[in-house]
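Here come two complexes built around subunit A, the first alongside subunit B, the second alongside subunit C.
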Partner chain A sequence: MLSRTKFIGAVEIGTSKITVIVGQVARGRSLSLIGLGECPSRGVSKGTVVDFKAATECVHAALEEAERSAGARVGEVFLAQSGAHLEGFQNEAEVRVSSADNMVSALDIENVCGLAKSKQLPEGRMVVHHLRRPFRLDGRLVPDPEHLDGRRLEVGYWTVHGQESRIADHLHVIRGFNVRVTELILSSLASGSVMTSADDRRHGVLVLDLGAGTTDFVLYRDGCALLTGIVPVGGLHFTNDLSLGLRLNDQDQAEKLKLRHGRAVVTTKDRTEKLWLNGDLGIGDRQFPRLTIEQITAARARELLEVVRKKLGGNFDPEHTAAGVVLTGGASKLAGIEDLAAQVFDVPARLGEPPGWVGDHLRAPGHSTALGLLHYGLGASAEGSAARRPATVGGLLRKFFTAGN
Partner chain B sequence: MNASPVKLPPSRTWRDLPQPIKPRAMSREGRRRRALAAVRGTGLAGLLLGAAWGGMEFVFTLKQNPARLVAPAGGATVRGLVLRTDGVLDEAWVQATLALSPQAGLMALDLAVLQRRLLAGGQVSVAELTRRLPDKLAVTLHERAPVARVLAQTGDGEPRTLLVARDGTVFAGAGHTPETVARLPFLNGVRLKAAGTGFVPIEGMAAVAGLLAAAQSGVPELVRGFRVVSLARLESDDVITVQSDDVGEVIFGVREEFARQLARLDFALAATRRQFPVGTLRVNLAIGGGQVLVARLAVDLPVEGTARPRPADGAAASTAKFLPIPSLSVNFPHAL
Partner chain C sequence: METPFASSPSAIELPLAGKILADRAVAIKVIGVGGAGTNVVDRLKMENLDRLQLTAMDTDHQALSASPLQEKILLGMDVTHGLSAGSDPAAGREAAEADEEKIAAAVKGCDLVFLVAGLGGGTGGGAAPVVARLAAQAGALVIAFCPLPFSFEGGRRLKQADEALRGLRPVCDAVIPLPNDALLQAAGAGENALSSFARGDEWIGRAIKAVWAMLFRTGLINVDFATLQSAFPARGGKTLFGLGSGAGENPAAAAIESLRLCPLLATAESARKADRLLVHLTGGADLTLDRVSEIMTALTAQFGRDAHIILGAVIDEALPGRVEIVVLGTSELGATSRRPFSAMRSRATSAPAAAGTVPGGKPAKAKAAQDEFAFGGAAESRGYFDKTERNLFEGQDLDVPTYQRQGVKILL
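And now, the complex of A and B:
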């Protein structure tokens, strides 16, 4: 009960599917991925819960499957958060170093950080993340200014906030399983933490997580997340475009065409080349021009990436994004998407590869967010737990009560 | 910019959202897990309450009546002994020696004290005492076997016969039959030194025990006649003198193997008795070189119907006048 091994469930409530990965954390240090549960999603649209009951059933089914596959009970959950309601802003602050000898103290750091985070949000909004950027001491970048000599200390935060009711809906879906959510993590941050290396983030990298209903992105610079964003367009829009463009009533058939023949850049030049829908010459089997399919998917893909580029605005600078663009998420399987990204962002682009310690069955791009939840969440927990939850008797008792949940 | 910044109240974060949820909003699995957690919580609470109550009771009793704390531990009285021994002592002796009161609690017994009582007499070499719950005391004894006896004069009373073990321990001896005691030879030429309630162990008893054991296995008909074993010359001459009914006086050297000496004695006696069927002899087996000196008492003691030499007379017997037997020539086989 008070074991030093805990089982954490990383839950991504996606638009097309629910993914749960169970991680076994021993002594707060080593992480083993021991269980996977997936369930087609219902009651979720563009990353937000729209039908509580349907979403709850799917999430709980995925959690149960993951627990069965892990052979262990999940004690706590790291939950991915996405959706168009999430927004961000940057806020900067600076303080004069207070000591007479100009040595930066812990109090100075606390003051400047507190000031940079103290931004009142509109009613009904609440903070999901405060992402700190590097400190600047008299204009120079420093990772930790304490005990350094300087006069002016500056820091900036990218604050991600969301609508309280939407966040609460997500939490309640998990709480319905009687498991506590201990970390709520932006999907893009989760994917970015596991799909990029520390070097990538230091050199500057843009991570695009192309999901079914949304596209989450995070731009890293100087080793820190500079900004995040969400575009409520994803792989399902490609499918929908195909369905409309080709006059297909069945979304599954459109999805099949997208997966087989969809491309992010048009490569076909032969206007007469046709493709069979099923290829079995059965009832309902039809032919479609390959060029049309490619044009539809490529147009939507380009539009999507350009929207992302536009949202990044002046923050995206190819010169400060030396590591390029990393694409992940289920929709990144669209052929040629990395070529298109390279064109749009004018930097090298590649499909994300999870680290070597991830097993083959979890290396699909659709699992990147759930993997990243464990990766990012454990780091965040380790940093924040000491401040948030001191090791008191009460804390241990609470741990006991929640361990069996 | 701000030397003393004005701090605004922190913005609400998702951690401020309450996570409790009503059971009706839970899935069946969630409700099941919640019930399980409640059961565990109740169990833990009961455990903690029990521990707290026990602690309070303990503290209260400690302050009010500390004697009650030890009473339950020693509450079960000893209702019996379980004795295992390799000797002759019986349960009655153990009970008398332990002197347990009828109300003695099993857990309140001081086993170390009881063990010392058992070892005090000397007859017991090792004593193990263990509590056998609920109400029995198990006693395992290893006893010293007597190899000789000795007369000891303590106070003004009659001399007491004490037994001597192979390691020289002198003890009163309990549980031995009179026949067993009567078969033991007396020790002579030793000085008993008191030590506490007993005596200092007698030195040289290992040699005596070796001699008697060799005689018992080699010449059992002869050893039955051994009456007195004298250690008077052991320290000075390395010899043991034995007064025997059948022979008279036999002197053994401790530097040579007793079995060889006994074989020579047997051979020499056979040769002598052919010439002198009766009469008291002195046979010296300790002169070395495989030689045996046989002498005959000048004034022979009566063989039948006369008192045998008493232990106290051992010294007098050894100073009696013996005449050598010049005509006796004993040729020992090479092996002897």
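And now, the complex of A and C:
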């Protein structure tokens, strides 16, 4: 039956580019990636839409390209969320198990979850995710407490919320293409879900998605997302630092130097070694010391990772992050970034590798968020968290679509 | 073979031994250039510091005759006819160049020259670089304090001041810009203009006094002139300057806190790291070594662990239960060797130091690299992110290049 095959678009409105991947879902189970559309973005700054018209044009171009390459119309869209307006907080709750025989009932679980999620948000903010951390029954971790024996049931949530107006802007961009947004997914969670294995997440892992305008991170422990965050600094900052430091008026030239010679740690010792800007012996070609380029990019890289570590605060500790740091996103192509991450976070670090089923043309680190959107959006139901979704995100989306009409 | 400096005829002529034995005969001169500079120096006159000579230089005869100072030099009588430079730096420079001999005579024999010049005006902006150059040629260590115009005085004066600052940096050992806007910041509500300006004067006065006290007053920890000189090994670098004072239960902690809040430091977010740090502490008789160590630990944490620190500490009986801190830091960022003038230095005191530290051919090109290093907020460039709102994290704007904020020195 036709209706059993769905075409889902994963859309990431990034600071430097818009990525759309089309996935074909057959019988709600198997996913094949059948289309890709990419377009350099305009009107997006640090993960947020600032020029609605320009951004809309780019997104629609990318969607069209993706549909063309897939040979199918997209029926619904999973949309990635990033930007400095997104914040998170943790809230914990506990209940006494109600039944006389101390067996946890579904009602107890519902109560404790309800309590933990009941925190009021300030005016103009909306929830993007309620991320549940593992249950604790009398202090011990349990994946699913139902029918287990205990007295005190605790649970914590990491609630991610964002500014309603900004999120609405993103939704309207997609809606202009006449397609429904069925899921809003935090960029970091998307990347995290596809770049790490379930084992990694159980052992504890930190995923850093270094984008052009933002760095999104998520820390997993005991198999659950413990917390997420965004630093509005990304690859463009490296480029900008270089263009200011080397006095290049042209950001493209700085970008080129960054890609070719930027490093996350200074390795050159030779103060006199020079590099040509273009290397074509043409007029206007200039020389720069390799050391300077490395110093500028290394200072930025170290600071960026240190800011992430500070934002994680006491939640991060190397002992509970046995699977280390996984780096992805376009800016993770900076040479030596994994060595620096290992230094700063004091755990092993590696560049993320997408799972084997991802085709060669989608394996670049810049595609991890879009890939992850499909993976997370579809996989979430398999991981047993479907129950909480329609009630929150879906409900709010409905609110937007009706209010907008 | 003779040592290099003994071979120089000028060194032989001077009675070297006598000079050293004549109990720290270090000559210090404070020169006010232009209207603003002269005003400041006039007010310094109130606090009598021996062995500190004060001089006023201006193109305006009327203003100069009102000054109570002993030594007054009217610049460019032939150029401006004693009628001021009229806010034109070119006229100020011309006037100073016309009277180079007079200026040279005034700075002759000085070891240390403090130059005070308001850079927004004609005489201050135009003549100050000339005076600084002549003083440096005479072998003096030149430290300039430059009040910068208020932003409400308009773009032209600010631009002039900026240009003057750029002209001044390569010829001074240290240039300390004092934006008048910082006075506004420090002023309480309802404070009158007079006391606001008085605070500006006090900043300059205390800095001069601190250096003076370091050299002349005997205290806990003394600093001699050669050491002071070593704090300024290069010209054209950026300079850090801050003051703090504290009283009460724990004066040391209060002084550190007050230093941290000093508006002169607050504006220079990018420039908090120094290569060389000159720290002067003044305290009452109750200043203990413990306190000194406490203050120094806090300061090194704030201004750079690797900094070469020169510490002076003085006991002032008149300040029981009070601690005052003056911090003067220099960095080699974008600096050039200050030795171009060493050949012209004739004084024996400076000759050995000069011969000992001739740098191994530092490229003169480096100067252009960071010469534009302006002060405070203006220095922080955000480039591509110029039009976006500030991206603050722990008080730092992350859009400003990291290397600038951390004071990483880069070659170009």
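Things worth noting here:
Everything that follows uses one rule, which is that the second predicted complex is superposed on the first by the 378 of 405 C-alpha atoms of A that agree within 3 Å, B and C clash if a C-alpha of one lies under 4 Å from a C-alpha of the other, contacts with A are read in each partner's own complex, and residues count from 1 in each chain.
The working rule: contacts are C-beta pairs under 8 Å (C-beta built on N, C-alpha and C of every residue); 3 or more make two chains touch, one makes a residue touch a chain.
Just so it is clear, the model here is predicted, and its values are computed rather than measured.
With both complexes brought onto subunit A, simultaneous placement of subunit B and subunit C is permitted, the two fitting side by side without a clash. Of the two partners, subunit B and subunit C, it is B that touches more residues of subunit A.
In the overlay built on the shared chain, the residue A:Asn111 is in contact with subunit B alone; subunit C does not reach it.
In the superposition on chain A, A:Thr292 makes contact with subunit C only, while subunit B stays out of contact range.
When both complexes are overlaid on chain A, the residue A:Thr239 reaches subunit C alone and has no touch with subunit B. By the document's definition of touching, of the two partners only subunit C reaches A:Lys46; subunit B does not.
Once the two complexes are overlaid on the shared chain, A:Pro318 sits clear of subunit B and of subunit C alike. When the shared chain is aligned, no partner comes close enough to touch A:Gly223: not subunit B, not subunit C.
Of the two partner chains, neither subunit B nor subunit C is touched by A:Pro348. Of all C-alpha pairs spanning subunit B and subunit C in the superposed arrangement, the closest lie 25 Å apart.
Overlaid on A, the two complexes show subunit B and subunit C touching no common residue of subunit A. Residue ranges on subunit C touching subunit A, taken from their complex, read 381-385, 388, 391, 393-394, 398-399, 401-404, 406, 408, 410-412.
Residue ranges on subunit A touching subunit B, taken from their complex, read 1, 52, 56-57, 60, 63-64, 73, 93-96, 98, 111-112, 114-115, 117-121, 126-128, 152, 159, 161-162, 164, 167-168, 171-172, 175-181, 184, 388, 397, 400-402, 404-405. By the touch rule above, subunit B contacts subunit A in their complex via residues 1-3, 5, 7-17, 19-21, 25-27, 29-31, 33-34, 36-37, 40-41, 44.
Touching subunit C in their complex are the following residues of subunit A: 45-46, 84, 231-233, 236-237, 239-241, 243-247, 251, 271, 288-289, 291-292, 295-296, 299-300, 302-303, 307, 310.
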